[in-house]
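The following pair of complexes shares a single chain, chain A, combined with chain B in the former and chain C in the latter.
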Partner chain A sequence: MRPRRSLLGWMLVAPATIGVACFLILPVLLALGVSFFDWDLLGTRDFVGLENYRSLLADGALLNSLLVTAVFTLLSVPLSLALGLILATQLVRALPGSAVVRVIVVIPWVCAPLALGVVWTWIFQPSTGALNTLLGIRVEWLTDPTLALPAVAFVAIWQNVGYISLFFQAGLGRIPDSIYEAARLDGAGPFQTLRHMTIPLLRPTTFFLAITQVVASFQVFDMVYALTGGGPRHRTEVIASLVYHEAFQNSHLGRASAVAVILFLLLVVITVVQQRWFSSRITYDMS
Partner chain B sequence: MKRRSLLTSLAVTGTVGALAACSPSSSGGGSGSGSDGGGDGKTLTFRLWDETAVDAYTESFAAFEKESGWTVSIDLVPWADYWTRLPLDVASGDAADVYWMNSANYVLYKDSGDLLDITDVVTEGRDRWEKAVVDLYTRDGGLWGVPQLWDSIALFSNSDLLEKAGVDPTTLSFDPAADSDPLREAGRALTLDKAGKHPGDDGFDADSRTQFGVNSQADRQAIIGPMLAANGAQWQKDDEYVFASEQGIAAFDYMQGLVNDAQIAPSAADTNANGDVSRDLFTQGKLALFQSGPYSLKTVFEGVGDSFSWILSAPVAGPEGPKSLVHGVVAVGNAKADDAKQEGIAKLLTWLGSAEGQKPIGAQGVAFPAHQDAQGEFVDYWDGQGVDVSPFVEAAKDAAEADTGAKANAGLEAAMPIFQEIFIGRTTAAEGVPQAQEEGNAAMA
Partner chain C sequence: MKKNLARRALGHGATYLVLLAAALLTLAPFTVSVLTSLTSPRQLAQQGPLHLPAPPTLESFSTLLSSVDGFVTPVAVTVQMVAVILVGQIVFSVLAAYAFAHLRFPGRDLLFWVFVATLMVPQVVVVVPLYLMLSEAGLRNTFWALVLPFVLGSPYAIFLLRENFRQMPSELMDAMRIDGAGTLRLLWNLVVPLNRPIIVTLVLITVVTHWNSFMWPMVITSGPEWRTITVATSALQSQYSSNWTLVMAGTTLAMLPLMLLMIVFQKQITRSVGGTGLR
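Right after this comes the complex of A and B.
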């Protein structure tokens, strides 16, 4: 019986396994291989060993992109999570109009980032943009080197808050009311309840969101591309933009692959660190 | 698919997969692709990036089909995706049989043996093709595309505003060595703030300008190219930038001065972020002089409507006279398409190089056809709309060189952010132009 059951199991997972192997593992391995070549995609491939990695580290472009991406992540992820949680705590109270607000805040997440980027370039336009007109000032949001990255992060936060709040709403829905009642009877105020009960009980949700949001912000590309194109002077050139520029504008597929490999390794490290950090914290069983 | 093609596709997927996978907005962006289109042996594929040209080519191919028996399937890939998809399709053997190409990109494909030498394919009528375009695509003894359309640069003028300010657009000129010149004087007269003051007047508020004199922005084709050439600066020599000459630096300093010192051009903070700001201001009647190409004609014509009258004239003259940049688009033949299709490809390229094949491009007002005998169609179309487009024809006769080289795009991508910094006034021309040349040349190496 066991071999037959085992065979059935393999058959059931085979389509997914083949898909993952062909469209994920094999391309990753090939990209790793390409990173050791000098190749413009159309001509011949010349083996250059670690030269692509060496040149990337030497010319500062990779370091700049890593720094830009790290700052973007630090600006966008914690704020997105905090605002998403605050929004969720209000939406679960089922106040009048909550259903409408719930739909409205998710709309930006449903929209294509590229389209959102284009719309926000109009809003951020210094002379005729809606934002400056509303504020009655003239700020160069996307062309000032000190403001461009925070402006991009702001759009990312605006786009993601609704999506994040959905998960927090689901997490909040799983916390039994009796726990809050007990806390109230013990004299806990709203802030104490949030800090000592809600946040710890939402740790699994927070863990999931933190990992996915960090990974997503390290992969962000199209919205940044539409908003600033990586400028001014590479101040918003996130790591995925660097992959694109190297591959399609500079025709350096080897260097682009090297950046992609570094990005992959970096995400693996970040995910492992996050997993360790969260697993060392207590998770309450609410079942 | 061949083994190499499969591996290429997978390798590229691996490299850029992160981009595609992370983005929920990634899309195909085209309408079919590849040389497999059609199915039977008498169907060819043709790829282009301009949606407005599709109807013209549909009309042209209908006539070609009757004459040759070959049908042509059109594959539209928008400009935003064109140069990303093309190398992938060419490398994996899925390129169209005939496709549009520009001068900044063709050398890469020519060097890798992907393009047919047109001198072997089209034997008659080549002398009727626009010479400026033929020169752009002539390299290493071959011609690497059949000229399709071209554009040059002219000056769009708001006649109502110019008449009010007493400015004649045909007399405009600039001289970076002088303290003032007709362009700056006209620009000053045409620029107004909310209180009706001109730049230089007491209390003039640049942030509240309601009307601008002229466009000056980091636009290689309409502004940088013509202004540098008109000041006697050369853009590139062979495949290397040489624009950081004394004349080149002076021209850049002059162009940024129109924005930051004379304050007669829209802010670079606006034009760097959105290159169409100047065109939009012109169509709204808020910009008096707008230097651009035929690619702006339709938008300006439809946007302006009856709100004011406008005319075209020669680009602003510099010490070397008025100069334009001529860009040309060609149709290239896929040298690696199936042998069975090569006869059809040769026939299609010959048709695309004929006056009959190009007439719909002009007759539908898409662009200037590259065949001289078809250009009258475009002039007639715009005559019918009340616009005299002859300044574009004149401007093309003494044109400056457009970008070319195996990595011309990479060079421009490296230089352009520095040009933008010069226009916005954060970097001086003396500092930025040599830096842009150095970084541009490094990217093209």
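Right after this comes the complex of A and C.
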């Protein structure tokens, strides 16, 4: 009986294991290998050791992308979390009509970031777009080197707030009303309640969202591709855009792989550090 | 008492202000997309983007659906791609998750740990090596290249399903086993029906993820033959960058099916996402 059960277990996990081995683990190892080669799309391949890493550092492309991605993350993640929380506190009051709003605000999350990026490109057009026409101004939102990255971050925030608010709504729903009742009897105002009770009690939700949103924003690609393509002057060239440009436009697969390897290591570090940082702070058990 | 009432009215007013602002800001870009797509190019050139289409015209949509490099092929390709990936992912993920949750076999825990570790691998990291592998296999610009990397199951789905399967009492399954039911029948008649909510959630997530996926289809396909709908939308933007009525017809077509799906399954989506911690 026992060997048969083992065989059955292995048979059931076999397809998924083959998939993970061939299409996740092998590619990661291959990326590491290719990063040591001068490798182009036509098939030329020469071993160059760490040359790809050295040249990426020397010409500033890597540092630029890391900086752009970091700024994008710092602009978009804290703001979308804060706005998502505010929206959630209003939605959970469950006033008549709020059920409709709850559905509306999640719509952008099911839409392709690529398509949304194209729509916002049209809205942002300097002379014919809806935004400038509405405001009666002529601002180059996506081609001005200082405005482009904030504009991209704005669209990312716009897409994510409703989705983030879903998690906060669920988190708020788990806080018992009796705690609020007690606070009210003790004379706590709404802002004191928010600061000293709601936000600390939501820490597990915030922790989860912070990690997943930071990790996601380090991988952003589609939306940037549609909005700016990485320009102007590489000011919005996030890490994923750099990988794409190096590989499929400049035909430097080795350099692209080196960027990918660094991104992967960075994400592992970010996840571990965030895990440490959040778990070292007090969490409240509400079960 | 009166003061209390006034304060409550004020509170409700503030809430409605926030909700109204959120709803309007969310809907505005979609409204622009739909209105522009229904406007004639001539009217758009004369009156700008903020006028209602007068009269509304389906010209852009019919151009898009009738031309050779139009949207009919990409829609068909995307539907097939999503269908194949969906069936494969759900079937193979259910099989693996059941084995991880309820069967004992050597290497199980180590293997599961490896699966969880691969959750950290981002698409951007594997896109170049996957391109090399599938090109080497002669699969560039084929349907198989679109589905092969995803069809054998996803670590994420397996992880979520395993958590849910573990909560099922094993007595129930033992009782069925004594009745002589095979594993596949057990899965189909007991495990799947008992875990319907999480499976529905996974179906929705899979459809949304792969309908919207862009980087991989763009990289591995070339030309109009195996283009997905996102790749076609992007191509439209770069080819007809000044013909915004046509481009907005494209984005509207790309987004509409999932918006409808969202409205139909709103309860499942809003409830499950907040509850299970998805994506």
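Note that the second predicted complex is superposed on the first by the 266 of 287 C-alpha atoms of A that agree within 3 Å, B and C clash if a C-alpha of one lies under 4 Å from a C-alpha of the other, contacts with A are read in each partner's own complex, and residues count from 1 in each chain.
Throughout what follows, contacts are C-beta pairs under 8 Å (C-beta built on N, C-alpha and C of every residue); 3 or more make two chains touch, one makes a residue touch a chain.
Source: prediction; values computed, not measured.
Upon superposition of the two complexes on chain A, a steric clash is found between chain B and chain C.
In the superposition on chain A, A:Asp40 contacts chain B only, with no contact to chain C.
By the touch criterion stated above, A:Ser55 is placed in contact with neither chain B nor chain C. Comparing chain C and chain B on the residues of chain A they touch gives the larger count to C. Once the two complexes are overlaid on the shared chain, A:Gly162 sits against chain C while remaining clear of chain B.
Of the two partner chains, chain C is the only one touched by A:Val119; chain B is not. Of the two partner chains, chain B and chain C are each touched by A:Thr128. Of the two partner chains placed by the overlay, chain B and chain C both lie in contact with A:Ala256. Contact with both chain B and chain C is seen for A:Pro27 once the two complexes are overlaid on the shared chain.
Once the two complexes are laid over each other on the shared chain, residue contacts for A:Gln274 go to neither chain B nor chain C. Legend: residue contacts after superposition of the two complexes on their common chain; A:Thr193 is shown touching neither chain B nor chain C.
Superposing the two complexes on chain A places one of the chain B stretches 39-47, 75-83, 183-191 or 381-389 into chain C: stretch 75-83. According to the touch criterion, the shared surface of chain A, contacted by chain B in one complex and chain C in the other, consists of residues 23-24, 26-28, 30-31, 34, 112-115, 121-122, 125, 128, 219, 221-222, 240, 243-244, 247-248, 253, 256-257, 260, 263-264.
Remark: chain A residues 23-24, 26-34, 40-43, 112-115, 121-122, 124-128, 138, 140, 142-145, 216, 219-222, 228, 231-234, 240, 243-245, 247-251, 253, 256-257, 260, 263-264 touch chain B in the complex. For chain C in complex with chain A, the residues that touch the partner chain are 12, 15-16, 18-19, 22-23, 25-27, 29-30, 32-33, 36, 48-50, 92-93, 95-96, 98-100, 103-106, 108, 111, 114-115, 118, 120-133, 148-153, 155, 158, 183, 208, 211-212, 214-215, 219, 229-230, 233-234, 237, 244, 247-248, 250-251, 254-255, 258-259, 261-263, 266, 269-270, 273-275, 277, 279. Residues 7-8, 10-19, 21-26, 83-84, 87-88, 90-91, 108-109, 111-112, 114, 207, 266-270, 272-274, 277, 407, 409-410, 413, 417-418, 420-421, 424, 426, 443 of chain B are the ones touching chain A in the complex. The part of chain A that touches chain C in the complex is made up of residues 5-10, 12-13, 15-20, 22-28, 30-31, 34, 86-87, 90-91, 93, 95, 97-98, 100-108, 110-116, 118-123, 125, 128-130, 133-134, 158, 161-163, 166-167, 169-171, 208, 212, 215, 218-219, 221-222, 225-226, 239-240, 243-244, 247-248, 253, 256-257, 260-261, 263-264, 267-268, 271.
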